[in-house]
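First subunit A sits with subunit B, and in the next complex the same chain sits with subunit C.
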Partner chain A sequence: MWRNLPTLLSSAVRTQKFPLATARLSTDANMQQFFDDEANFGKAELRPKYRPGRAWTADELRLKSNSDLHKLWYVCLKERNMLITMRKAHVSRARNMPNPERFDRVQESMDRIEEVVHERNDAVLRLETGESAAPRERTITSFAGFTYQKPAKEHYLPPENGQKEYEVPYLDDDAYMMQKLWTEKEYMKRRDQEDDVKRRAARTDDMERFKRGAPRVFNR
Partner chain B sequence: MLSSRVLRLPRKPFVDLDYAKHMPAAYVEKVKRTVPRKTFGDRFGAPDIKMYYVHPDDYVPSHRRPWEDKQLSEHLHRADKYFSAQLSNKFMRFRYPKNERIADTEWTFFPGDLVQVMVGKDKGRQGLILTISRDTSEVIVDGLHTKLGEDMEGSDKLGVDKTLRWQLNGAGDEYIRVSTKSGYEIPIPSQAKVTYEYLQPENYIEVEGKDTPADLVLTRTYIPKVASFEQEIMEEIGIKETRTPKPTYWY
Partner chain C sequence: MTSRLARLWQPGNPQRRTFLPDFWMAVVESPSVGRNKLPPNCVKFEVDPRMSRHDIREYLTKIYDLPVRDVRTEVQMGDIIWNSKLDYQYRKAMWKDEDKKFAYVFMSKGFTFSFPKMFEALEEDIELVKAMKQQEELKDKLNERFANRNRRVGNFLGS
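So, the complex of A and B:
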């Protein structure tokens, strides 16, 4: 079975399935997991031999079983813990951490694991219950007249009077005026922005060079 | 049907040829500093207000990689200037980058190409392309320098392949690079495949204990089952749940 799992996974599984083996390791060896390889200490940039590669792509993760994903999540989590420890160590000694993009690589992998798990759960839930696995949202209208999606919260009791918010088809006077002024302001901002774009496009290199303004044209 | 049609579309290998291909996008944005310093959200439906380190309109690309020390310090300096202008409530003029990125299908230069400079002070000299910068449309030839799109007139006389185009090959499944003038195929040099991680994809050194071997990554272990992720994990670990949750209210 170990052959079927990627190396990172198999090492993780071994420590999981055989707690005796972990117990036999000294505390030092366990603590070592929070630190990077000693070959990487004090480097400005990791050597290719010790520099981990790209993140897992979503397509690769889709090939992996749920238990593999579960293990890979914790492998990534351990790696992230290690990186945070190393960053702290570097910051306390006022050094630059080598290859800080490793944080983002781990984060990308973790985000994609979540994405794939969500895809699978979504498919099952839609099949079984007809509902999505995504966090629930409600369309509500705020006091300012904006209608938007707001994440819903879970409650044990049904809503009391005025506790549940709804989408409102007709705004009250204040909200209506707010919306009217808001759209007007947005329109004027957009208009000014378009003017700026035109003015920038009309500027020539000579104007930059001789610090000259554009020719003044009235009643255009 | 749709997927089969997509599979039959000819491959465009040149789209993936990028030195920063495997760099995480979030990291690149971070070192460019074009990320919000603070986001004022939860505004009752009004859009978020974002305060940037360096506003995206103010970011001017360079032929250097954004994560290189020199480029990064330039971005940090600009971010400081921007922030101090904001603090002292002063007007700050953004440097709206002028040149637009050339489309992937229009771009035909790759590292390792032998090129001849056709304009400027190095006119007529030949050299290999060291690096390309898609963001600034720059090509760095060893020892020489040139910039695309600046007075290319008069270069006809030199009798060199001036323009290349992407064209389908005989089998019709892949785009190849063809000279407009002579009609010969000009293969993409192997140097174009260089990324930050490797010189050639097949020569990548796998880090022991960190990287998963490629063959194991592509082994399929997923067998679809009508059970959620959590149910399957619970079953594997041996957690049995007999309680049924009471209905709750979402609002």
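So, the complex of A and C:
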């Protein structure tokens, strides 16, 4: 499925292949891809015809083939490069770029393409190897006693003694004390927050209105 | 993350390919006069700081189909904002802008590129409108003291 992409890629490259050196030199159109349509130059806002629509939704992208997604990715990439170029040009002249929401549309589309490709990759890998396509994670315990997930990393050489990190079931003295004090601190923070909430709820309108604090009684 | 991270490369493995690159490149304007002027077949890009020269060459030739001949890169350090500028010994950095990477890409002979003039028409227009307005305002004021006076000779003639 996804692994036949190299052939697709090479075919895509083959279609783009340079026909002749002379023909390539004369094409200024390739550099034009970095710039917006000339009708949009110097506009505060684009005309309705040129305004962006919506981003591709994930459901629409799921209907597309891998090669279509691959092409769409490059379309989005070029569009994003164009937008970055235009933004830099506008910023250098201290102007606002017209319709900056185009960035969001392109970025959303790209994120969703990645999402869909990940789904497909994941399905194939789960079927064939039983593992997900997401990067592997390890559970490790830090010197202060915190246990958390960390992405696994591949190494050329096996680890030296004491280099590899593990999850530790029983903490040593320092880590144990750290964890004890940490939970205590977190508990007190939560307690104070709850107190604040109660105090805010108990506050009456009069207290706001007359800027009055708690009752002050002197001879009691 | 679209897929698994690439495994470390070992000799004999196939070349690693990127199917969905997320690098960005943008054309930047370079001065048209002075010592920083570039030859016509050279284009200045601002690129994703993760890109190497080789990446830039591949990106431009494969995605944009440009006749790249040579790529030179420059990394520009971002500005640092200090809490006190002149106290060199004890000052602290409050903020540092991101570093920028620029690529000067030399295309093959005969290729010419000049940055399109995006704001020229608009700027001219603004200038023109301003000038017209000023003239309108000045028209009455310019020779106010001398021209267009009510030419009365004086009171002693009794008029």
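By definition in this document, the second predicted complex is superposed on the first by the 173 of 220 C-alpha atoms of A that agree within 3 Å, B and C clash if a C-alpha of one lies under 4 Å from a C-alpha of the other, contacts with A are read in each partner's own complex, and residues count from 1 in each chain.
The working rule: contacts are C-beta pairs under 8 Å (C-beta built on N, C-alpha and C of every residue); 3 or more make two chains touch, one makes a residue touch a chain.
Quick caveat, the model's predicted, so the values are computed rather than measured.
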Exercise for the section: Would you check which partner chain A:180 touches, where first means subunit B only, second means subunit C only, and both and neither mean what they say? Expected result: neither
Exercise for the section: Look at A:93 in the shared chain and tell me whether it touches subunit B only, subunit C only, both, or neither; answer first, second, both or neither. Expected result: second
Exercise for the section: Between subunit B and subunit C, pick out the one touching the greater number of residues of subunit A. Expected result: B
Practice task
Quick one: classify A:199 as touching subunit B (first), subunit C (second), both or neither.
Solution key: neither
Practice task
Answer with first, second, both or neither: which of subunit B and subunit C does A:81 touch in the superposed model?
Solution key: second
Practice task
Return first, second, both or neither, reflecting whether A:30 touches subunit B, subunit C, both chains, or no partner chain.
Solution key: second
Exercise for the section: Mind working out whether A:126 is in touch with subunit B, subunit C, both or neither, as first, second, both or neither? Expected result: neither
Exercise for the section: Considering only the touch criterion stated at the top, classify A:189 as touching first (subunit B), second (subunit C), both, or neither. Expected result: neither
Exercise for the section: Would you sort A:117 into first (subunit B), second (subunit C), both or neither based on which partner it touches? Expected result: both
Practice task
Using the superposition on A, tell me which residues of subunit A are in contact with subunit B and, in the other complex, with subunit C.
Solution key: 5-6, 9, 70, 117, 121, 125, 133, 154-156
Problem - subunit B contact footprint on subunit A (complex, rising order) - result: 4-9, 11, 48-56, 60, 62-70, 79, 100-101, 103-105, 107-108, 117, 120-121, 124-125, 127-128, 133, 136, 138, 141-148, 152-159, 163-165, 182, 200
Exercise for the section: Quick one: which bits of subunit B touch subunit A in the complex? Just the residue numbers, please. Expected result: 22-24, 26-27, 30, 44-46, 67, 96, 197-198, 204-213, 216-223, 226-230, 232-233, 236, 246, 248-251
Exercise for the section: Sort out for me which residues of subunit C touch subunit A in the complex. Expected result: 1-5, 7-8, 17, 19-22, 24-29, 43, 46, 62-67, 108, 110-113, 116, 118-119, 121-122
Completion exercise
Within the complex, subunit C is touched by subunit A residues 2, 5-6, 9, 13, 16, 18, 21, 24-25, 27-28, 30-31, 33-35, 38, 41-42, 70, 73-74, 77-78, 80-81, 84-85, 88-89, 92-93, 95, 110, 113-114, 117-118, 121, 125, 133-135, 151, 154-156
